[in-house]
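I have a structure I would like to understand better, so I am pasting it below and will then ask my questions one at a time.
The letters A, B, C and D name the chains in turn, as written, and every chain counts its residues from 1.
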C-alpha cells in the first residue's frame, strides 16, 4: 500500500515537472507612444498555487521580430516556459517592433521603446501580477537588437534592474552601417530616426560599447554571450576586452553557433541560471 | 479536504527537493599502483527509488587536494549534493593526491593516476552503481590541476567520455615553472617524476595546451572557464584562442573571481548544466 | 691619378657620413608659465652648407626626465645626432619636467606644458632655424610620459603636426593609479594638479586611450611601439585594439624589451624612418 | 675657387647617392632539380669600388610570382636597389616558382626549393660575389608565400642565417584550404605534391605556425609584419600570440594596408633596417 501511495505521489510530482507554465498575452497602453502594444508573459505553474511574490525576467526579441518570437521560434517550443517553471521566474516578452533598438526616438513619438519597456511595461506587469516590484527581483536580457536593448536599458536605469544580459547582442550601433548597406541601414533606422538618417555620432551615442564607464559605475551583474560564428562577434569581443581592461565585473562566454534560434535556445538556460543566482542572493527567489 | 491533500503533497514534493543526496565513500583498489585509494560518490536522492541507470560526472580536485575537497571546501557545504539531486547525476570525486596531475608517471609505479581515474575508478563505479556504463553517460571535469586532468584524460580516452570540462585549469604544465620557483616546482613534481626533475619538453608533452589537433579530431563537447583574476588566466586564454583558431567547438567563459573555492562553487552549476544537456542529447538523462 | 682623386673624394664623402650633427641648447621664454626653460636641438651637418628649409621632429622625454635625456642616456651617445644626419631632420628635445604629462594644468600657472611645447617651443624653433614652418614639416614623438605627450598634443593640434609617434607610451593616465601607490601617484601629480589630487575622471579626460574618435577624425599618420616586457604593455595593446576596431590607420609594433633606454634606442630609428617617409610624401624632405 | 671645388664635390657626392645599384641576373644550376633557374642580384654601388665582403639579404617572392617580381612590381621601380645602396647590402631574389612554397616536395624531383634556395643559391652567390660567406652576414625574408619560405628555411637552417623576416606571410599552410576553394588549392599544390593532393596533416607539418618550439630553440632575430586589411591577418596574429605566449623574441608590426605591392614597398625599408642592425651587431656591416 505504502509503495502504491509513493508511486502515485511520484507520478504526481512528475506531472508537476511535466506541466507547462501558463502564457498570458497582455495589451499594454503606451502613453508615451499613444498606442497599444502587446507582451507575452510566461507564468510558472507554481504561481497559481502560491501567494508569494515572484521575480521577473524581461526577455527582449531581435530586429525584424516581435513579442512572441521567443515562444514561436525556438526549436523546442517549450523552451521559455520550461525555464519559467524550473526557476519560478515570471518571464515577460514585450513588443519591441522591427527596428526600435529599444531607444526613445529623438524625433518620432511613435517610437519610444526605452520608456515603453522600462517604465510602462514594468508598471503594467507589477500592477497585474504578484511580482517583487523593485530592482531586487527584476532582470533583463535579450537577443541581438534585444541584447543591445537589455544592456542599454539596464545601464541607463540601474534603479530598475539588478542584473542584465545579452545574447548575440548588437552592442555597437555605430558599426551596423559597416555590416549592412547604406540603403538597408537607413531603411532600418527610419523607425527610430525618421526620414533623416542618423549621423554616425548619433548611432555611436546609443551604442553600449561606448558606455563602459557607466557600466563600471553601476557595477551591476552582467552576462554576455556570443557564438563564435556570429557576424557580430567582433563587437562582442571588443566590448568584453574593454570591460576586462576597465575591470568591470561580467560573465562572458563564447560558444559554438551563429546568429540562430538554435544558438539562443542553447544560450538562454545559462542566462536564466545566472539571473536565478542573483535573485537568490537578493532574497528574491521562490523556493 | 482536497486542499489539505494537495498541501500535503506539495509539502512532500518540497521535502523531495530539500532532501540531500547521499554520499558514499568507496575504497578502490588500484592494481596499477598496488594500493587502495578512496573516492566520494554523491548519489541523487531519486536513485534509491528508481530502477533506472544514471549518468556519471567525474569531478577532480586540485593540487594540494584530496578526494573530499569538493564536499568540504565549498562555502555552501551542500553545493555538489544539490547538483546531483537537481540534475539526477551521480557525481564521483576520486582521489588524485597532491601533485599527480592525473598522469601515469613515466618512472614511479606509485603514481599511475591516468590509469587509476580513467580505468580503475570507472570500473569500480560501473560495478557498484546502476550507471550508464558507456561514454554516452560519462563526463569529466575538475578544478586547477583537476581541470588539466579532466581535459587530459578526455582527450586521450575519447572512448570513455562524452564531454569534458575545466575550471581554472592548469592547462599548460610547461609554464608551471614560470609561476613557481624552480625548487618548489621540482618538489611538486617529485610525486610524478621522482628524483630527476622533468625536462621542459617532458612537461610540455603532458600539457593539454599543446594537444589542439587531438581535441579537434575528437570533437568532444567541452566547457572551459576561468576567473579574470586567476593567476592561470593567460594559459586559459591562449588555449581558447588556439581552439578558436583551429575551429574546435567549445564553450569558454571568463567571469569575476580568482583561484578560490567561491569561484569554483560559482562555476560548477554552469558546468553541470552543460553536461546535463549533453547527457540529454545522448538519451542518458534521468527525468 | 684618377684613382687617387676618386679615393680622395671617397674619403671626403665618408667624412661627411662620419661627421656629427651639431647640438644647440636654447633658452625658451614661456609667457604662459612666466619662466624660461631649455630645449636641445640636433642640427644635421648638412644644414650649415644648405640654404633650404628643414623638417623638424619634436622628441619628448619621459617622467623623472629632462630635455637632454635623449642625448645623455642612450647607450650609444650619438644615437639621436646620427639620425638627424642620416635623414636631414632637425630634432628638437624640449623640457617637459618630471611630471607635467605635457598638459596645461587646470590649476597651476607654473605647469602649462601643452602650450609651451606646442606653441612656444614651435614658435621659437621656427624663428631660429630654417624650418618648414608648417604642419607638413613637423612631427612629434616621445617615450613613456613623452609618448603620451606626443599623442596628446598631436590629437589636439592636428593643425600643427603631420605625424605622431609613441614609444612605450603612458597612454592611459586613468590607470597610472593602478600601477603606482596612491601616495606615489598623488605626489607625482602635484606638479600638474597641485595640492588636490585629481579625480579618476580628470585623469581619464587627459588619457589618449579614450580619444579614439578624435584620432579617427584627424586621420594623422601614427606609429606606436611597445616592448613585450614593458609594464605599460596592456594599455598599449588596448589602444591598438581600439584603433583597429574603429579602423583608425596606424603602425603598431611589439618588440623585445622593457621600459629601458636600450629599448628606446632600438625603437627610435624605426620611428624616424616612419616620419622621414611622411615628410617625403609631403614634399618636406631634404635630399 | 675653393667654393667651386666644394660644389663640384657636393654634386659628385649627390650623384653617388642618386646612382643606382647594379642588378645581375644569374643562371643557377640546381643539381637537386636537374634544371637551371634564375636569380636577380642587386649589388650596391659601393661594391665595385670596395674590396670588402658584403652581407646578403635573400628576398623571396610570393605565389604566382617569379624571381624578378621585387624589381618589376613595386610602385617605385627603384625600391630594392635604393635599399641595397643605402645599407650596403647585396639583395638576392631567387626564383621560387608559382607554388613551391620553398619546400622540398616529398614526391616531385622537379620541386626541391628548400634545397635550391638554402643550399644551391647560397653556394652560387658566395662563389660569385665577395660575400660574408657565413650566417653572420646572411638574412632572409619575403612576401606572402615568400614570408612563409623565409621563416621556414630559417627555422630549419639556423646554421645558415642570422635573422629572418616575413611580410604578409602565408604562415599557416594548414589554413590555405579555408581561404581558397578545394579545387583551387589542389591545383596550386600540384607543383609541390603532385597528383595526390596533400592531406591536412601534410600541410600542417610544413606550416611555420606550428613550429614555435623550434623558433624558441633557435632564438634567431625575427621581424614579422602584416597589413590590417590583409586576408592573412588572422594567421599572423595567431603566430604572434603564440610567440609572445612562449616568450620567443620577435618584432611584430601591424600597419595600414592589404596584400598589395604598395604594402610590400612600404614594409621593406623597415625590414632592411632591422637586418642592417643585426648585421651591424654581428660586425658584418659595410660602413
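Things to note:
To be clear about the criterion, a residue touches a chain if its C-beta (ideal position, glycine included) is under 8 Å from a C-beta of that chain, and two chains touch if they have at least 3 such contacts.
For each chain, UniProt lists the protein as follows: A, B, C, D = Esterase.
Quick caveat: nothing in here was measured; it's all calculated off a predicted structure.
The greatest centre-to-centre distance from chain C, using averaged C-alpha positions, is reached by B.
Chain C has its Cα centroid 54 Å from the Cα centroid of chain B. Note: centroid distance chain A to chain C, computed from Cα atoms, is 49 Å. The mean-CA centres of chain A and chain B are about 33 angstrom from one another, to the nearest whole unit. Multi-chain contact residues, meaning those touching two or more other chains, do not occur anywhere in chain A. If each chain is drawn as a node and touching chains are joined, the picture is one closed loop, every chain linked to exactly two others.
Contact between chains, as defined at the top, is found for A-B, A-C, B-D, C-D. The touching residues of chain D, counted against chain B in their complex, run 204, 213, 234-235, 238, 241-242, 245. Every residue of chain B that touches chain A in the complex is listed here, in rising order: 6, 9-10, 12-14, 16-17, 49, 228, 240, 244, 249-256, 266, 269-270, 273, 277, 287.
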